[in-house]
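You will see chain A twice below: alongside chain B first, and alongside chain C after that.
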Partner chain A sequence: MSITLPQVVFLFLATVIVIFSILTVTTKRILRSATYLLFVLFATAGIYFELNYSFLGAVQLTVYAGGIIVLYVFSILLTSSDSQKVEKIKNSKFFAGILAAIGGAAICIFITMTHSFPVSHFVPGELNQKVIGTALMGTEKYQYLLPFELISVLLLACIIGGILIARKR
Partner chain B sequence: MEITMEYYLVISTIMFFAGIYGFITRRNLLAVLISIELILNSVDINFVAFNRFLYPDQMEGFFFTLFAIGISACETAVAIAIIINIYRNIRNIQVKNLNKLKD
Partner chain C sequence: MFDFTVVTQWVDEMLRQLLPAPLVNATEFVLVGICLLVAYAVMALGLIYAERKVCAFFQCRLGPNRVGPYGMVQTVTDMIKMLIKEIIEINHVDRFLFNLAPYIVIIASLLAFSCIPFAKGLEIIDFNVGIFFLIAVSSIGIVGILLAGWASNNKFSLIGAMRSGAQMISYELSIGLSILTMVVLTGSMQLSTIVESQADGWFIFKGHIPAFIAFVIYLIAGTAETNRGPFDLPEAESELTAGYHTEYSGMHFGFFYVAEFVNMFIVAAVATTLFWGGWMPLHIPGWESFNAIMDYIPPILWFLGKSAVMVFIIMWFKWTFPRLRIDQLLTLEWKYLLPINLCNLFLMVFIVVFKLHF
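And now, the complex of A and B:
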């Protein structure tokens, strides 16, 4: 049994995702939590690249790693004071959380493993940029102009809302 | 060993339930928001894996993920604006101190 390069890459990304997503929610310090989230997002972008969706990986890198994490770090530095850095977890909360997480994960993984999906195998092939562009700008079946416009309006509303909520009175 | 779709689904399941655990146990508003980010991200992995392995000549999963990334950016921006506003009012962003809508 030989291990090929894609398998090594996948195993590496999977390990990074599993370890850091658990560390994200178990670490006590909020800034470390944001940093671990950054690693998880990087590994997710790696998964998109590995599945031959380069455009999606690039979007993930620019929007999440470049935008959202910076926003998180700014707001953590703005809102944290020394007394609140370490938070304790109540025992009842801890058991409720761990029960929900492990029970749910066990059920979901069991169903995933026992359910027989239709024949699935990896089909390589990069999505052409032109194909993405026409699908994003067309109005016919399987084309996405309406959600694209909707999301532009949503982003505008979000900018205005953010300014209105956070401005000084 | 061939890497099948189930491997991706298991990874995203673990990520999702790590997010659920954080959502229940953390008491800092920003930590709760980070957990929500994990949940959204795991769903994106699911969409992409289904698209690539089950329906490789269609693009629905791809575009759902693209729009989901945009929407989660929106949601984070507005939520952080609200959190900073809360911090300005009560100098604190612990969940247990948020018992008033307006004062």
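And now, the complex of A and C:
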């Protein structure tokens, strides 16, 4: 069996994702954990680029790597100090965490195994920007204006809630 | 006009004759990488020299003038000094993050650098979301700066990094919105298409009022994004020693330094591409002989010349205005630039919908 270049790239990215995901949850220092998470997100963006879906890859980089991780690091800098180590986890919490992880993995594996992936839908080459735009902003079937607006309302509510909690009376 | 694809195709054909097919791709990857790194380093050296000279002339000094004619070899010798300096290990720091931070900054800068269309056919990454990809990768640099400030285990570095983070997150909005204004006018995010569609007139003329407002906002926000004066409070030397890179030595400091200068060039290059026609020569409708003469100037010279003017304006900012306070900086962004930008975006949409542009 010969291995093609895309397979090599995929295997590399998948290994990076697995290794750094594990490191993210096992490391003792919170800022290192955020950095490992950054690498996981980079590798995920890499998979999108490998699929020729450069729009989603760029979104992944802007929103997660440039936005969320920066906010994480920022809030870590504001709230905790370097000497502060993670406290020891209680046994009950440990087992609850393990159970939740196994449950989540089981659901994911079940869905991936039972779902049939249609091969014919894959179009080689870069996806046209207009296709994404009309799909995101259209009101017909399989177009996503309503979910898009719903999510924006949700985010607005989150922002207002955050300001309300943070504001000093 | 000289099309650079001639050269790349010639190299490609030559490699295909010499090597088996799978190796050709690998060799080309390596070649492109080497060219990119060399261009990056040369660009940084040139910019550092230019910055020193411009700064000197603004302050009525001569600047570097001993090594080589007009001191032109000075930055090269400085680079060699930087390369052979010891990288000092600091006690009580998170060594992994401390050593990682400069590389994140330089990789983000290098990725953004590789998106720039230098001349006809001379661009490395040309996605159909090109300009968006450029913003995306350049936003990664903030993580490096924050990590550097944190990992240094030094209060001044941390304050510098926090300031830098707050500043870059805020001003990224302005950059994004002013670029979006121009994307509305172009109808494309692919950098090569953006340049091609300026063949009959640069966007600063085609988009008239909103394009000009977007350009001014972009230039202000771009200066802030690269942490240069008057927005250089992340490394305000009178208060914070050198901000987030105080504890770095040798080439690790060099990475921050070089990335800062090349980021300035990237801001200038994007301004050139979006507003001033990229590598397109100046054409005036009706003046046929003038246009023909302008076509003889190679595109790369057009591009570098326009970028040099932009870089000069950014340096001019630095040596003209006094440094802002952090609250003034955030007020400028959130209370002035952002509302103006949103109105400007609306104005541009209005103009594009009613076809009021040229």
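Going forward, the second predicted complex is superposed on the first by the 124 of 169 C-alpha atoms of A that agree within 3 Å, B and C clash if a C-alpha of one lies under 4 Å from a C-alpha of the other, contacts with A are read in each partner's own complex, and residues count from 1 in each chain.
Quick note on the criterion: a residue touches a chain if its C-beta (ideal position, glycine included) is under 8 Å from a C-beta of that chain, and two chains touch if they have at least 3 such contacts.
What you see is a predicted model; the values in this text were computed from it and never measured.
S.K.: Any idea whether chain B or chain C touches more of chain A?
M.R.: Chain A has more residues touched by B than by the other partner.
S.K.: Considering only the touch criterion stated at the top, classify A:Leu77 as touching first (chain B), second (chain C), both, or neither.
M.R.: Second partner only.
S.K.: After the superposition on A, what does A:Ala65 contact: first (chain B), second (chain C), both or neither?
M.R.: The second partner, chain C, only.
S.K.: Looking at A:Glu126, would you say it contacts chain B, chain C, both, or neither? Reply first, second, both or neither.
M.R.: Touch partner of A:Glu126: chain C, not chain B.
S.K.: Go through the superposed model and pick first if A:Phe94 touches only chain B, second if only chain C, both, or neither.
M.R.: first
S.K.: Taking the contacts chain A makes with chain B in one complex and with chain C in the other, which residues are shared?
M.R.: Chain A residues touching both partners: 59, 67, 76, 78.
S.K.: Under the definition above, what is the set of chain A residues touching chain B in their complex?
M.R.: Listed in rising order, the residues of chain A that touch chain B are 1, 3, 6-7, 10, 14, 17-18, 21-22, 24-25, 30, 33-34, 37, 40-41, 44, 47-48, 51-53, 56, 59-60, 63-64, 67-68, 71-72, 75-76, 78-79, 84, 87, 89, 93-94, 96-98, 100-102, 104-105, 108-109, 112-113, 117-118, 120-123, 125, 127, 131-132, 135-136, 142, 144, 147, 151, 154-155, 158-159, 161-163, 165-166.
S.K.: Along chain A, where are the residues that touch chain C in the complex?
M.R.: 5, 29, 31-32, 35, 38, 54-55, 57-59, 61-62, 65-67, 69-70, 73-74, 76-78, 82, 126, 128-129
S.K.: Chain A touches which residues of chain B in the complex?
M.R.: Residues of chain B touching chain A: 1-11, 13-22, 24-28, 30-31, 33-35, 37-38, 41, 44-45, 48-49, 52-54, 56, 58-60, 62-63, 65-67, 69-74, 76-78, 80-85, 87, 92-94.
S.K.: Considering only the defined contacts, which chain C positions touch chain A in the complex?
M.R.: 25, 94, 96-97, 100, 127-129, 132-133, 135-137, 139-140, 142-143, 146-147, 149-151, 153, 158, 161-162, 165-166, 169, 172, 188-189
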